[in-house]
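Attaching a single structure in structure tokens format; questions to follow.
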Amino acid sequence: MRIDNRENDQIRNMKITNNYLMSAEGSVLIEMGNTKVICTASVEDSTAKHLKGTGQGWITAEYGMLPRSTATRKIRDSSRGKIDGRSMEIQRLIGRSLRSVVDMGKLGERTIWIDCDVIQADGGTRTASITGAFVAMVEAMKWMQQKQMIKELPVKGFVSAISVGVVGGERMLDLCYYEDSRAQVDMNVVMTDKGEYIEVQGTGEESPFTANDLTALLALAAEGCTQLNKVQREITGDFK
Amino acid sequence: MRIDNRENDQIRNMKITNNYLMSAEGSVLIEMGNTKVICTASVEDSTAKHLKGTGQGWITAEYGMLPRSTATRKIRDSSRGKIDGRSMEIQRLIGRSLRSVVDMGKLGERTIWIDCDVIQADGGTRTASITGAFVAMVEAMKWMQQKQMIKELPVKGFVSAISVGVVGGERMLDLCYYEDSRAQVDMNVVMTDKGEYIEVQGTGEESPFTANDLTALLALAAEGCTQLNKVQREITGDFK
Amino acid sequence: MRIDNRENDQIRNMKITNNYLMSAEGSVLIEMGNTKVICTASVEDSTAKHLKGTGQGWITAEYGMLPRSTATRKIRDSSRGKIDGRSMEIQRLIGRSLRSVVDMGKLGERTIWIDCDVIQADGGTRTASITGAFVAMVEAMKWMQQKQMIKELPVKGFVSAISVGVVGGERMLDLCYYEDSRAQVDMNVVMTDKGEYIEVQGTGEESPFTANDLTALLALAAEGCTQLNKVQREITGDFK
Amino acid sequence: MRIDNRENDQIRNMKITNNYLMSAEGSVLIEMGNTKVICTASVEDSTAKHLKGTGQGWITAEYGMLPRSTATRKIRDSSRGKIDGRSMEIQRLIGRSLRSVVDMGKLGERTIWIDCDVIQADGGTRTASITGAFVAMVEAMKWMQQKQMIKELPVKGFVSAISVGVVGGERMLDLCYYEDSRAQVDMNVVMTDKGEYIEVQGTGEESPFTANDLTALLALAAEGCTQLNKVQREITGDFK
Amino acid sequence: MRIDNRENDQIRNMKITNNYLMSAEGSVLIEMGNTKVICTASVEDSTAKHLKGTGQGWITAEYGMLPRSTATRKIRDSSRGKIDGRSMEIQRLIGRSLRSVVDMGKLGERTIWIDCDVIQADGGTRTASITGAFVAMVEAMKWMQQKQMIKELPVKGFVSAISVGVVGGERMLDLCYYEDSRAQVDMNVVMTDKGEYIEVQGTGEESPFTANDLTALLALAAEGCTQLNKVQREITGDFK
Amino acid sequence: MRIDNRENDQIRNMKITNNYLMSAEGSVLIEMGNTKVICTASVEDSTAKHLKGTGQGWITAEYGMLPRSTATRKIRDSSRGKIDGRSMEIQRLIGRSLRSVVDMGKLGERTIWIDCDVIQADGGTRTASITGAFVAMVEAMKWMQQKQMIKELPVKGFVSAISVGVVGGERMLDLCYYEDSRAQVDMNVVMTDKGEYIEVQGTGEESPFTANDLTALLALAAEGCTQLNKVQREITGDFK
């Protein structure tokens, strides 16, 4: 049994609270066990610089952690004067994942800014951010539809993400921090609701991993994403 | 009547949720109407550089706003590469206010880091931060007491803070953002539970104000702080 | 008696040298005892970004200290890569104070840049900066009038500022550094020539202060500002 | 046929020049077609801060591109004042990959700094950097062995890396820039000489990809890494 | 005899490889003994900000060193967040030297960016950069001529540069690092092919130097520049 | 005749006010015509990092301009977040010049910080800074002698500096800004009181210059430095 009494193929309790903040066009609080992330989507009426005049929109993401979301206080990026490497890596991943299912021509020359701010961190903050941000983005698009900025939601599919890994020789789904910090292999998987991959990032920092590990972990991840997608759909509805 | 149907001398609904985060030695969510701030207190086992070897402790504060706490998205400090002037002013005020009631010798050579992060902003975020941070700080000191790091809580009194101002010619208590942005005079008052002043900051950017205004606004602030102090005491207990 | 043999309600010797620098549209050297600040006002032919197209002008201030204006050498802001918190607080205060008496519509879409550079610091640099900067600003406006950029000076009143405080139990006017660093209560007051308040900032870092303290200190400050205003008027003339 | 007349499963001409620079403990120029990267390994006689006193060493990497390594001039990181997100991601990947095969206890409290500087970029710079950096690292370790700093090379296996992707519907090995910029799926794979995975990073920014794609691309990558490993071994020898 | 067996008035082996990189409009590798610098010239179709609308072009330079071009690893400018003082000084010198022989009106409203990146440093990197950058610039101008952007090469003369100095009491030409670090007097001289001076920078950090030293060193430098100019001309041809 | 009615070989009115600031160990105001620079020397009781344990001291300089020292307002370095290239070049020159005449072993493991702050700029600020800073440095050394930190002044000679140039075909001494901005050749010369050179920096940005120009300009500079040295000696006395 795992530290929190879950089965190896069991995700943590998951909850998405919609309309979490009063001002954002889309905003959710996503909870995966003790991991809590506020995800917002803000609509800006101009596209990215390199897309001006192309009719294409853009989606970009920023990720941050509150200083005391972690077990020991984490120094603020604004005090350090720059975003740390890990945060930058994560926000690039969030943006890329969401862009992969959006039709930028139908979005029009607008930018959707995604902000993922970790209130409490217990492993899996980047995957929770993606899963939550997808819902916030869809809600912001519904707002755009109501304002008649767009005719239909320019989204080709659902996006959710989960971590898997090998811990103490066992393959596990949805690692909490305790497990993540002891993992031999750590993998983050971003998937569509059709079971396709958007991003696969597997790392064997302590030791390399085999093709068998890879196959088994991907199967675990697929199970997890199916469950996450169900919760997302309860909120967004079957918009397509 | 005010925009949210309050009387001029009435504060907004106020709520402090204790133990809001699992890791911090002290953490609260403070809500003043729609304004919501997470305040944490983190204990570090060394004092500020300039106090090394003196036996004195230190209390310092940082303040930030989530990008979408405001009506339009605010660019992250970490993207700008530095803290903006207003945030810096506020975090200096928070630190100064708390230090004024703490016996630094009894704290010993330790630092308490205060983090105030605004989740949702509707006016009065700096005063809510002070009121909430005081509670988080006391809770962190109780944790220190349990760990036998200190014998008694090194706190000489309660600290709470509230805004007052002149809006449309009326003197008002606890301005929401709508009022704050229309105020002729804007004042932030930090007080002890004995009705003494820790900090008085009054600004008449649009037009100067008279001694009569000042006196009347200070009286309003005192009423407000008394109420805030009552809520604080319900959580911290009568520790002295 | 005070360290420099003044009475408690006596300001230091004060002197304003007009046209201190050859290039600036307005420039003064203000001396309050040993505190010496160069204040310049520079006219730029465009307004702040957020005011473009509104017909409104803007006034903004920057404040700095020469590295050896202080008793021990102060590291340059440019070496640290950013302005320190105290300087930022001060320059925001200077800008706010001057803007409160200027009719921005009559100024037109122009910016007046105020620069206050402390040559020698002996307490009260922020209040000396405000008092001096007001004169530099009016002189720059006279230059604008001569160039027929404006018809009349868009100034509604005089602005001067002084510090007051409680030191060793005594209430004192115009603290020098020796007094300031020992003060129980420290207050900076910005006033108009009509005796109204533009800004009141009172801090009791060591210990809180009472309403009686506040009242008495404000009375002292009013006396001080009246004297400062007289010196300002000798230079600017009775322009209204 | 591909733009440079290769078969889909064919890597570009590859060449590693050893001892490329006169000062570094290890240094190579690696060429993969037109992509050219200088990789150096520098030995520092202290370990990373978080490892002081543990007896463990550390390996860290930095990555940069010369401004005119690319088709249009790229602004220098030092002019921008910070490393861009992509470079940070890459240098973290290089460090992680090399660390995964090194026994940090046997390295002792030392740091090996890896620098990968792209002289000419034509796709696959991050994977070429890893392949080249591995050789530079081993050469630096041989230098340490000669200096009797270590008894044996603390390396558990070879590391090489290659890109694969889907371009115009075809699965291809070792993408050049022309192909990379048109890829539907882009994957970077880091492997040991035993055919195990150290890192798998697959991205479907334009469109998601299937499990079949993943399997086929991983097989292509394995072929590529086997060839790269052969060239590495010619230089380093069979050191284990 | 000198450390590398040269005569005091002898330059090191010098070689310029033209078309060193595939993308830049002009690019060379210049080698002066062990010193190796990649110099590129990039054509941008707009002039410097302060020249917009004047019909004048601009030439600007940037200079950097690979971290392991030096005997001990040099921290990257991008990690330090800013260019170091020495590099800034050098890049200003390179730009100034090249601009002095270019007719900016004939260049038209374009910028030529010069990048000098030191691959291996053994003294004289700034002078090698100038000598190499001149060739890269001319090659870029030939490219412009072919593209019919300009009718003739807007260059008034050749520019080359060399170091001279007093080492161990001896006056020497083209100092290597070993000599440079022991020099009593160090001078960098930039000259035209007509024997005129563009820049003379002589420094006696250890001890002042006499007019006789100055005269003799300038004569040595003239000899060196004549030889450098011959090699430049072999590549660029006699374009005037 | 020149714009300010001087002869070509005539320096501007020059004045050095000693003990200009109350706190610095050495401080002067130097005026060369309208150019005014405050130079201070601050004694710090530790040497530079790279000299710890060697018994050697260090002298380092910083240079800045007040925003309105120039005809149009210059943006503050602290707002730009870094020192501009020209200032960095100048402060390196000041430090190097002073170090060349100081016996660092006799100074002991201490640092003298030189700060040169330009109050008003009318050409020749870097050379005025050197001339003034030398006096401030000597005064600080006298202070050290009084405190018995050193036995004798560790200075081997006087240092002064002046600009020369070719303007409108005429060779001129001590250029004011009007001349400097029109100069074909611009040269800064730093000399000892024995007529030796410490630094010669000649630039022909508009056009190259001949050996004859160089010789004649150096002779002019020598005349100027002799006069400057006389004024310096009146203040410092003949300390050797």
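Which chain is which? They are A, B, C, D, E and F, in the order written, and residues in each are numbered from 1.
We adopt the following convention: a residue touches a chain if its C-beta (ideal position, glycine included) is under 8 Å from a C-beta of that chain, and two chains touch if they have at least 3 such contacts.
In UniProt terms, the chains line up like this: A, B, C, D, E, F = Ribonuclease PH.
Values in this document were obtained by computation on a predicted structure and should not be read as measured data.
The chains in contact with subunit C (Ribonuclease PH) and with subunit D (Ribonuclease PH) alike: there are none. Summary of the copy comparison: rotating subunit A (Ribonuclease PH) onto subunit F (Ribonuclease PH) for the best CA superposition needs 180 degrees, to the nearest 5. Relative to subunit B (Ribonuclease PH), the most remote chain by averaged C-alpha coordinates is E.
Comparing the residue numbers each copy contributes, subunit B (Ribonuclease PH) and subunit C (Ribonuclease PH) share more than half of them at their mutual interface. Centroids of subunit A (Ribonuclease PH) and subunit B (Ribonuclease PH) (each the mean of its C-alpha atoms) stand 33 Å apart. The geometric centre of subunit C (Ribonuclease PH) is 50 Å away from that of subunit E (Ribonuclease PH), both derived from CA atoms. The set of subunit E (Ribonuclease PH) residues touching two or more other chains comprises 81-82.
With the ring opened at subunit A (Ribonuclease PH) and read toward subunit B (Ribonuclease PH), the chains come in the order A, B, C, F, E, D.
Against subunit D (Ribonuclease PH), the residues of subunit E (Ribonuclease PH) that register as touching in their complex are 21-24, 27, 34, 38, 40, 42, 44, 62, 64, 66-73, 76-83, 113, 115, 117, 119-120, 122.
For subunit D (Ribonuclease PH) in complex with subunit A (Ribonuclease PH), the residues that touch the partner chain are 82, 85-86, 88-89, 91-92, 96, 99-101, 157, 191-192, 194-211, 213-214, 218.
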